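Across the two complexes that follow, chain A remains constant while its partner is chain B and subsequently chain C.
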Partner chain A sequence: MTRKIKMRIWRGNSETGSLQDVSVDANEGEVVLDVIHRVQATQMGDLAVRWNCKAGKCGSCSVEINGKPRLACMTQMASFAEDETITVTPLRAFPVIKDLVTDVSFNYKKAMEIPSFEPPADLKPGEARMQQIDVERSQEFRKCIECFLCQDTCHVIRDHEENKKSFAGPRFFIRIAELDMHPLDMLRNRKQKAQEEHGLGMCNITKCCTEVCPEHIRITDNAIIPMKERVVDVKYDPVRWLGSKIRRREEVL
Partner chain B sequence: MTAMDTNKAKTGVFSAGRALITDRTLRTDKWWIQPLITVGVFVSFIIYATFRAFEKQNYFAEPLISPFYSPCLSTVCVEGSAHFGTPIGALSIFGMVISPALFILIFPLGFRLTCYYYRKAYYRSFWMSPPACAVAEPHKKYTGETRAPLILQNGHRWFFYAGLVLNIILTYDAVIAFKNPEGEWGHMSVGTLVLLANATFLWLYSASCHTCRHTIGGRLRNFSAHPVRYKAWTIVSKLNHYHPNFAWVSLIGVAFADFYVRQVASGAITNFYFF
Partner chain C sequence: MERHNYDIVVIGAGGAGLRAAVEAREAGLRVAIICKSLFGKAHTVMAEGGVAASMGNVNENDGWKVHFRDTMRGGKFLNHYRMAELHAKESPDRVWELEVWGALFDRTAEGKISQRNFGGHEYPRLAHVGDRTGLELIRTMQQRIVALQQKDKRDHGNAESHIKVFAEVTVTEILKEGGKVAGVYGYRRENGVEVLFEAPAVVLATGGVGKTFKITSNSWEGTGDGHALALKAGGNLVDMEFLQFHPTGMVWPPSVRGLLVTESVRGDGGVLTNSDGIRFMFKYIPDVFKDKYADNEEEADRWYNDQTNNRRPPELLPRDEVARAINAEVKAGRGSPHGGVFLDVSKRLPADVIKKKLPSMWHQFMELANVDITKEAMEVGPTCHYVMGGVEVDPDTAAAVGVPGLFAAGEVAGGMHGSNRLGGNSLSDLLVFGRRAGLGAANYVKSAPAAKVSDESIKRAAEKIQAPFDRTGGENPYALHEELQELTQNLVGIIRTKSELQEAIEKIADIRKRIEKVSVSGDRQFNPGFHLSFDLDNMLLIAESTAKSAIVREESRGGHTRDDFPGMNPKWRQINNISSFTGKEIVVKQQDLPNMPAELFDLFDPHELEKYMTPEEMTKGGSK
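Presenting the complex of A and B:
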């Protein structure tokens, strides 16, 4: 069944732009990305939109639909009311390049700032042995498809451009947590760095990152809050701090 | 256009370079309902708790004691209610005796104020930081929990420990509620059930706490080297999933337990005994 739907699509560039009304066909079973492609094919030949897999796995098609950060390829048309106008805009936390395409290079810069995995010096390639229960926490975080919807929705940078320099964002807090929980990671000051360099303390655990994550990674509960507790262990808990000085505890954990 | 000035004046979603959209949010759903409900429940609780903390009466009806006044540690506690002695005597300011509830309420108050879940709830609903996801917050500056006073949220674990002590005391209160007003064991009333439910909810709230989850096993790197703590961690993790639910249920539970004891102590209702 085909029906006509009303859409508002943001068009413009980094200088200027506006929402433009279109009326377009939508077929049963389609997702927002399908309809955007139809608009592109029939009415706005030069509409810029980024996409790749159409299966919710590449993380390219992140946009904001009716104000919510979402994957265009995973948002069913059937989830909207018959007469609803569907508004599609680019991500509002990042600079726009053209139409629905934003410049997400901020995230790649932040990725480079995270110190990488540091295996034990004497461990030869292929020698690492780990038990499943030791890596399952980290595995949840490996589901990330780098859509950056969490980064886009995080009010720390979405609402405060000036915080971008000092805040890595939820996607990279899960990366830090993944490494800090890894039994073979030897870098010992990840917790301090998380707080002092990557801005973990800026997060006020309001959970918007968790709400928008298409992979349903429990970013706040399983990565950010555990990291905050780990930071307390090394920075704000005098008893544990003293204990670690006396017994060098961290090594045996 | 003086780019520099605009940069300063316009931040967040209105920053230069971002898509030019004048709305603070384009959300079409009723995103404001959740924060509104939160404010409603919190404000009602605060009003009721403040009134009760200063009422200084109707908190004890042998053997029931209100959770707001337990343990009652002051010499002004009504007769029979000071189960743990009166180490703090009777303090007063400007000739007004300080309510014995105040010494106790600081701990659950601190525990809940620093709770990771409640933080989310009040940062969103009271401070609007942010009011809801992808709804621009009204503040010009934002430093999160990096400075005083919010950096003190990192002390949550100390309130967690204090909360455990209070849970033990409130469990004791529920146990002695198996007495009758004459002090004989082996009886049970509606009040017993109320205090038991209250203690159970408080234990579930503490057991599902993020600090509990961290302490019991979350801080480990090698679960395989600590099988018992791993097992405990998996159980606490399951409870942790429902921490927001336990937070609300235990908040309402504690207010209801106090209300019930107040009604009994003031003579408005009689505490029905099953046996």
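Presenting the complex of A and C:
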């Protein structure tokens, strides 16, 4: 069954761009990305949109659909009312390069700032032994497809360019949590660094990131809150605070 | 124009490319990684089932010899024996190394890396993370690159001093000077600016060709770029007639037609039935596999709990066999409502186990097809998934034959999988030969001085990029692509005949003439129509090479089925079809397949080899 759809698509860049109306066919079972591709092939040969797998696995086709951060490949046309106009715009938290394509280099810069996995120095290939239950916590965060929808929706940076410098964003909080909970990771103080260097404290747990995550990772409950609690423990528990200072002094000596 | 200088340029940022880059960096060289998309989005993320490596964590009888035998059997003995040997020997080390880099595979009860059953593998062999193993692999490699860059920042003050990732760059040409590789030319999609990379060595790691076909599991990137770049640079492609149609792609709704349904569904107990409710695979066990696969449901069912005393269910036959069987059922009118067959795991496993073992399948069917796989059957059918054919390389160094300075690894390289790849052998292939390509290129660079790219070469490359804008009123690249996909699907698809292949060759030649006139609108920046005009050129070379190889191979083997030559022919087992490009058209020549040395020959039961080899080969073959 084919029907005519009204769509409004962002064309151009941040400064000179505007919404353009199109009327286009949509077939039964299609997703928004299919319809965008039809617009490309029949009406706007140079319409820019990122996409790769078209299966919700690569996280490339992140856009905002009727104002909500979504993967275009996982948004069914059937989820809209018959006569609804579907508005597709680029991710708002990042500068627009052209049409629906944004400059997401912010995320790659932040990835570079997170200290990498540090295995035990004497770990030989094939010798690691870990229980399933112990790897599962980190595995949840490793499901992340880096669509950056959580980064886009996070109000700390969505309309606050000035916070970007000191705030890594939910994607990288789960990266830190993943490493912190990794049974083989030896680097200490990941949580403290999250607080002091990556802006964990700026998050006020409104859970917007969790809501938009296409992988249903419980970003706030399983990564951010546990890290915040532990940071607070160390910071405000006088015995643990003293303990951390003494240990640090021993390391210096 | 931007100008860069590197020791090695890696084209492609999937598993093979990143593994090559890591190896080259660790050898002390400066490496540029060119991604067609963003860093971390390569098609490797789509790999679901796992990475095959005979670690023996679940069944200690496993070892490289068993893996080698399975791989050769799966490829119907057309594999380059040396590649299959290196692959089987080295894949365990490559998997363990990922763990040292931070990968978190699922575990056995003893805490080792868990391994799962898969089609064609004698023992549970695939290291996995649920059904998102490819994502784990690419993320681990990506994070390994970042770790090396962080180290470079500490040691050299600049994170990009030795490895730099160039995302969203399209390569249009490999440049040669004096018969050797001298660099790479292309443009940045972000702003249309042309880029020259001068480098004495180039590693192709560009993946597959699926977008040449209409129904495919591949993303838009799978347009055979590396295959075509190698041809244009004077390299050869080996056995391009062998394409793997994965037996289980989604068939409904139309927008996801071709999207992969992981083989793990069958490995974990999923059964295939037709519209009569019959588990049809028992009818399709070929003679060569009769002693390894159960011929009745009772034994097949028992195998899941007792693999020592029972033969495997026929749903786990190699992919080519299952794809042909599904094709035959549908043709015979016993298909599902949307032209596939039924794949059901709901009757075998409880809902929570399905969600745990196959989370992304559950998700994919729920969100895209409104099917709950814990309660109902999936509809599946064959989809173009993988190309076994590829750049002819030296197995040990991954050096492309005939082009000094060019290397190839992963799906773009040929030979490793013979006529059919086993599931799980592609992730291990990426790691084993990605590393070898990085090493091969590094060793080459140490003895080969960089040549300067001439102004003339640059001018020619630049003109080619500009050409589609200078033409007006030509054909629409989208329409031509659709036409090509339609013809490959219908005439060069899963079942082939001489007359249809002849027709395909003629039609491809016609499209080739027409793409010379393709014109595009808009400007260079992020312009998919403009981009498609280059991809089309690559895909046409692939289609031509596939059709011309397919028409000469008068037998059916693995991913090449000829209706007019239904059986395997031992004479053809000894022959590789080698494609080269004259500048105008593809020429296919026959070349002898290298003989397996006696020590590898001896690993097989002679009665098995007799099914594939000529009597003369049998007398010459082993040491006994």
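Note that in this section the second predicted complex is superposed on the first by the 238 of 253 C-alpha atoms of A that agree within 3 Å, B and C clash if a C-alpha of one lies under 4 Å from a C-alpha of the other, contacts with A are read in each partner's own complex, and residues count from 1 in each chain.
Note that contacts are C-beta pairs under 8 Å (C-beta built on N, C-alpha and C of every residue); 3 or more make two chains touch, one makes a residue touch a chain.
All figures in this text were calculated on a predicted structure; none of them were measured in a lab.
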{"item": "Partner chain(s) touched by A:Leu47 [first = chain B, second = chain C, both, neither]", "value": "second"}
{"item": "Partner chain in contact with A:Gln131 - chain B first, chain C second, else both or neither", "value": "both"}
{"item": "First (chain B), second (chain C), both or neither touched by A:Val156", "value": "first"}
{"item": "Partner chain(s) touched by A:Pro95 [first = chain B, second = chain C, both, neither]", "value": "first"}
{"item": "Which superposed partner A:Leu19 touches (first chain B, second chain C, both, neither)", "value": "first"}
{"item": "Touching partner for A:Met1 - first (chain B), second (chain C), both, neither", "value": "neither"}
{"item": "First (chain B), second (chain C), both or neither touched by A:Ala121", "value": "neither"}
{"item": "Shared chain A contacts, counted only where both chain B and chain C touch the same residue", "value": "131, 182"}
{"item": "Residue ranges of chain B touching chain A (in the complex, touch as defined)", "value": "7, 11-13, 15-21, 25-29, 116, 119-120, 123-124, 129-130, 133-137, 139, 141-146, 150-151, 154-157, 210-211, 213-214, 218-224, 230, 240-241"}
{"item": "Chain C contact footprint on chain A (complex, rising order)", "value": "27-31, 34, 40-41, 45-60, 74, 76, 97-99, 101, 103-104, 108, 111-112, 115-117, 119, 123, 125-126, 128-132, 135, 138-139, 142-146, 179, 182, 184-185"}
{"item": "List of chain C residues in touch with chain A within their complex", "value": "37-41, 43, 45-46, 55, 92-93, 96-97, 99-102, 104-107, 110-112, 114, 129-130, 132, 135-136, 139, 143, 146-147, 149-150, 159, 190, 219-221, 252-256, 259-260, 360, 363-364, 367-369, 476-479, 520-523, 525-530"}
{"item": "Chain A residues within the chain B interface of the complex", "value": "10, 12, 14, 16-19, 64, 66-69, 84, 87, 89-90, 92-96, 102, 131, 133-134, 153, 155-156, 158-163, 181-183, 199, 201-208, 211-212, 221, 225-226, 228-233, 235-237, 253"}
